[in-house]
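Next up is a structure, given as structure tokens.
Chain nomenclature is as follows: A, B, C and D, assigned in order of appearance, with residue numbering initiated at 1 for each chain independently.
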Amino acid sequence: MEKLHFDTDYMRGCHPEVMRRLIETNMEQTAGYGNDPYTAHACELIREACGVPEAKVFLMVGGTQTNATVIDGVLGHHEGVVCAETGHINVHEAGAVEASGHKVLTLPSHDGKILPSELEEYFSSFYADDTYEHMVYPGMVYISYPTEFGTLYSLPELKEIKEICRKYNAPLFLDGARLGYGLAAEPGVTLKEIASICDVFYIGGTKVGALFGEAVVIPQGKLISHVTTLVKQHGALLAKGRLLGVQFETLMTDGLYQRISRQAIDTAMALKKGFISKGYRPFIDSPTNQQFFELPNDLIRKLQEKCTFELWGPPGKDTSKVRFVTDWATSHQDVSMLLSLL
Amino acid sequence: MEKLHFDTDYMRGCHPEVMRRLIETNMEQTAGYGNDPYTAHACELIREACGVPEAKVFLMVGGTQTNATVIDGVLGHHEGVVCAETGHINVHEAGAVEASGHKVLTLPSHDGKILPSELEEYFSSFYADDTYEHMVYPGMVYISYPTEFGTLYSLPELKEIKEICRKYNAPLFLDGARLGYGLAAEPGVTLKEIASICDVFYIGGTKVGALFGEAVVIPQGKLISHVTTLVKQHGALLAKGRLLGVQFETLMTDGLYQRISRQAIDTAMALKKGFISKGYRPFIDSPTNQQFFELPNDLIRKLQEKCTFELWGPPGKDTSKVRFVTDWATSHQDVSMLLSLL
Amino acid sequence: MEKLHFDTDYMRGCHPEVMRRLIETNMEQTAGYGNDPYTAHACELIREACGVPEAKVFLMVGGTQTNATVIDGVLGHHEGVVCAETGHINVHEAGAVEASGHKVLTLPSHDGKILPSELEEYFSSFYADDTYEHMVYPGMVYISYPTEFGTLYSLPELKEIKEICRKYNAPLFLDGARLGYGLAAEPGVTLKEIASICDVFYIGGTKVGALFGEAVVIPQGKLISHVTTLVKQHGALLAKGRLLGVQFETLMTDGLYQRISRQAIDTAMALKKGFISKGYRPFIDSPTNQQFFELPNDLIRKLQEKCTFELWGPPGKDTSKVRFVTDWATSHQDVSMLLSLL
Amino acid sequence: MEKLHFDTDYMRGCHPEVMRRLIETNMEQTAGYGNDPYTAHACELIREACGVPEAKVFLMVGGTQTNATVIDGVLGHHEGVVCAETGHINVHEAGAVEASGHKVLTLPSHDGKILPSELEEYFSSFYADDTYEHMVYPGMVYISYPTEFGTLYSLPELKEIKEICRKYNAPLFLDGARLGYGLAAEPGVTLKEIASICDVFYIGGTKVGALFGEAVVIPQGKLISHVTTLVKQHGALLAKGRLLGVQFETLMTDGLYQRISRQAIDTAMALKKGFISKGYRPFIDSPTNQQFFELPNDLIRKLQEKCTFELWGPPGKDTSKVRFVTDWATSHQDVSMLLSLL
């Protein structure tokens, strides 16, 4: 029997409906670089879904390139980007932000989140320091939603962070690589709320039903100038841009994005409940598609015979931390089979 | 009736056989970032096809990111890349090379090609200049094959360029965004000859039957260190790397890449012959899938009613330069229809 | 006897009056980084001399760092700097502009100058190109005054260039590493004219009487934001900034800068006249402190016994091109001795 | 009466002996860019003083540019530099390292120092992490000596750090902006010990008797290639390089550098002892020329009437942290006057 896979949420291709549309449109000839009707329509659907008719929307291939491009587009030469020390841009993007010349300024991570109070303190003590002209200015704030630990900011937290950003004139950027899973979780915030709070964010496709693709949304429309040139300079302008357009058009039609995100959350909650009911405790309380447990090493070895998943950090003496990830295609049967191994 | 499109070679999706394999493998779960069996197999097939068993091969999404990443990986801090002033990296990549901190050093373009004699002169006068330590060293040489003007270097020309590169210790990088069309042209060079001459090159997929994808080959295997980190830093590491693996595996199986490239060349030659037989002269003599003619503006307007193609430079008073491009899916019927409009 | 030196204009220390002030102020304790009264006064004197009371003025150590810092401060991510292909930033600054991520876009050099007509053509054809979003935008224009070949733009030429810059929204940057020698030449333009035309320029000290130092002037005051941080980031913020302040204060007092510049021009003109009267022809007609002659190799060898100067390019078979440079300390006796060797 | 100044150690010009030599050599004409006999001699004296005859030595103007240039020269594209979170490169250099494309990787600061144990842990857990290819490699280690808090590593600590660096193939870089004051402190390490341990370090001149200048020493001579071009690219190649040569030649002659450093330490120790004898406690126990006390705000206000010094961080309610800095020219009378105010 084939093993079960709970390693991560980018192991499969795309949702069958997305694939169907790629097949249907495959032999059409359209203009390149996103100047095609599918991309235009996808962007229009995104603006509608976000409730921001003036938004600038553009589509990119992957998360790291999106982060590096957006950050490079927003920051001035004297500015860096503030994020949790566990932020993806600080840890797992091979220094892409710095390679564009910008510093990542870190705050403590609280299960992946920054605290509004610590953000406020960072800004206020920066500007209180007489030597701040010799330092990198905090020019924007990066948060991930969900975070790298599956956690979510509440709506009040987001609003508080935004208020601080506004006070210090630092745009708020939300990395939504797994945005669908955040939107589908309980209690969540809506896409429109995200769009009303953030200065720029992206709707992740790669991990949520697309072969690849991230849709960047700038609600007020003016934050980044000369987007095409910037994206091209970052090596991120897809020649056959309509591949992104077709995928996001499909995901944004008839609520597909939300529907398939819900599937990941439902199965993740079943998984979480199952582990807890067997007496295992999550070491992070995640409401999204990533679930974190500390398990006996014996059990881990036993599970590994039938299932793959990630160790989270170095193995411990008796127990180790592990992560289980569901995605849009995880079935309740998959979860039941996993739980039956406990 | 639908218009004919001869604008460029990245207007369609992918070859049906490539699509078939993407569909077949769509719901499989594999490791990410190219650590999957499809990628491994694709790289192995590429090594075989190139006759370089020790080669390092890695797969990237698009041309600009490939150029910027390879050049950044090869050059030292004191070095720039030499190319024709019409080279894609110098003109149409939005300064991606410079954004990574490296200067592009230009030579005159001869229908897209550099002359070995001018390259030799560049190197020798550089090192003869007493002030060269204040200048950017010519640290590698970039050529495109075919060039941006559809032209090809002959085998002796390639060897002569390589000899100069070796003399001055500057790796030779061949941009093969349209490599298939160069290999299929007459008189051509073979993939193995390319691999035996170049220090690094790539096999273009985006314009030759793939949805997207470029396969970088480093025949001697050691030119660039820490490739995964470098590629990630450039925002170019595809999460679902197997999408590239599946595509190149398919293109490299049963000679598909060569076969579909041949189709583009056959139709391009038919197109060229047809125009010439009607009395129009190419202003560049291209043996590949891009064909360049200077046509009366009246005729251009007439053609534009049924057909799209690119003006090549600003329109002239009575005549203008235009480009027609075929690809792996262009049919002889398409060409006949175009020619019937003359 | 000590040899005569006409190699270049940065072989000596500083003008004795500058040294006197450095000695007088040596043991004073002032705040660092330019926050001292000497720097404030120097900047004020410069604003007055330039007739631009609202100007932002800041002092830097050397030319390359000034060019790289100013260009980095002015350009957006999508922009490059236009200059003559012989421009110092394009040839002899080791790629410092590119190391900051910006492309240098070149125009033909006419004895070091760009032609307004070719500049206009560059801009207009750039924006006429349908693919310009894939290209580096011409975001500012760099000229040197005097040029690297000792030549000068006339006032009408400067105004014409500025008009084009204004039309295309590209700030005009004048590299004044040898500005004093340009101002002292005939027919010249005045410092106030320079300041009324340029968007940013610098008054060179290193080659004109200072130990080191370049004074950047932004007449309208707003072109570059966060200057201190930018300069610091470029490693160019001198800890003991008052050293620059003291030097420029001295040079800007009682017309010292103009007076010592005049000395270099007078001696250069005497030198030029002397060579011409002996039948040697300048291959560039320079009105400034650099003089260019093509001389018989025999004569060159003879001169080299008593004098040092630079070969300008590779030696020729019978004759070679050479450059003689005077500076603020060159005496008429030095020139007479040189001419007596002819 | 003139106020006393204990703000920092770069408030004055240079030691009179250094000035004397600058005056003496002022009107000499020498080759530029460090190709002069003074620079050659200074480098030779430095090699001798360090006991490393094969060392590569080069002279730069200031600390930030030295740090950024050295780090850029050492690191590969996939690497960052490890330092204490309080390291000057991480805090007060306006992101110069990142502007060159490299990430600063931080360790906890222990009064400015990193712990060998935490460094070992950083390296070992980096390479133990399965995802390290997605992360910035720790490619070199930066320490300051003395640190930004006046503290010193002991010889065993330096050796232990070096051992870890060797194990993980990461060159050790010592920022010696205040090196003289570290060498003169008790218990200290010698210049030869520094040179035998570090892969690259610099001897600070700006804060220790020179007008400006830092001498970079690469004991094994090969760590950084193409130094002149690298330095030029960083805008850091001084045209009149002999100014650096003359200064370091003077400082390295007859033990001047050590002698004047000793003066700063003697006065700092007198100052420290005086404060302690009056019942004030240092909050950092520094053996060098920076002394740190927490003082009642009343006393601070009283001192400020006659004396300038820096608040160290934000003022407290009743007491605040302050820093007093001595330098090569501080007299015992200065210290007595300060202490008399307590």
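Criterion: contacts are C-beta pairs under 8 Å (C-beta built on N, C-alpha and C of every residue); 3 or more make two chains touch, one makes a residue touch a chain.
This is a predicted model, so every value here is computed, not measured.
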Any chain in contact with chain B as well as chain D: A, C
Reference chain A; chain at largest CA-centroid distance: C
Comparison of A-C and C-D (more C-beta pairs in contact): C-D
Rounded Å distance between chain A and chain D, as computed from the means of their C-alpha atoms: 42
Approximate Å spacing (C-alpha centroids) for the pair chain C, chain D: 33
Averaged-CA centre spacing for the pair chain C and chain A, given as whole angstrom: 50
Sites on chain D at which at least two other chains make contact: 77-78, 93-95, 99-101, 133-136, 229-230, 232-233, 237
Residue ranges of chain B in contact with chain C within the complex: 77-78, 80, 91-95, 98-104, 125, 128, 130-131, 133-136, 311, 314
Contact set on chain A toward chain C in their complex: 33, 72-73, 76-78, 100-101, 133-137, 225-226, 228-230, 232-233, 237
In the complex, chain A residues that touch chain B: 5, 7-8, 10-14, 16, 19, 22-23, 25-32, 61-69, 93-96, 99-100, 206-207, 211-212, 229-230, 232-240, 243, 329
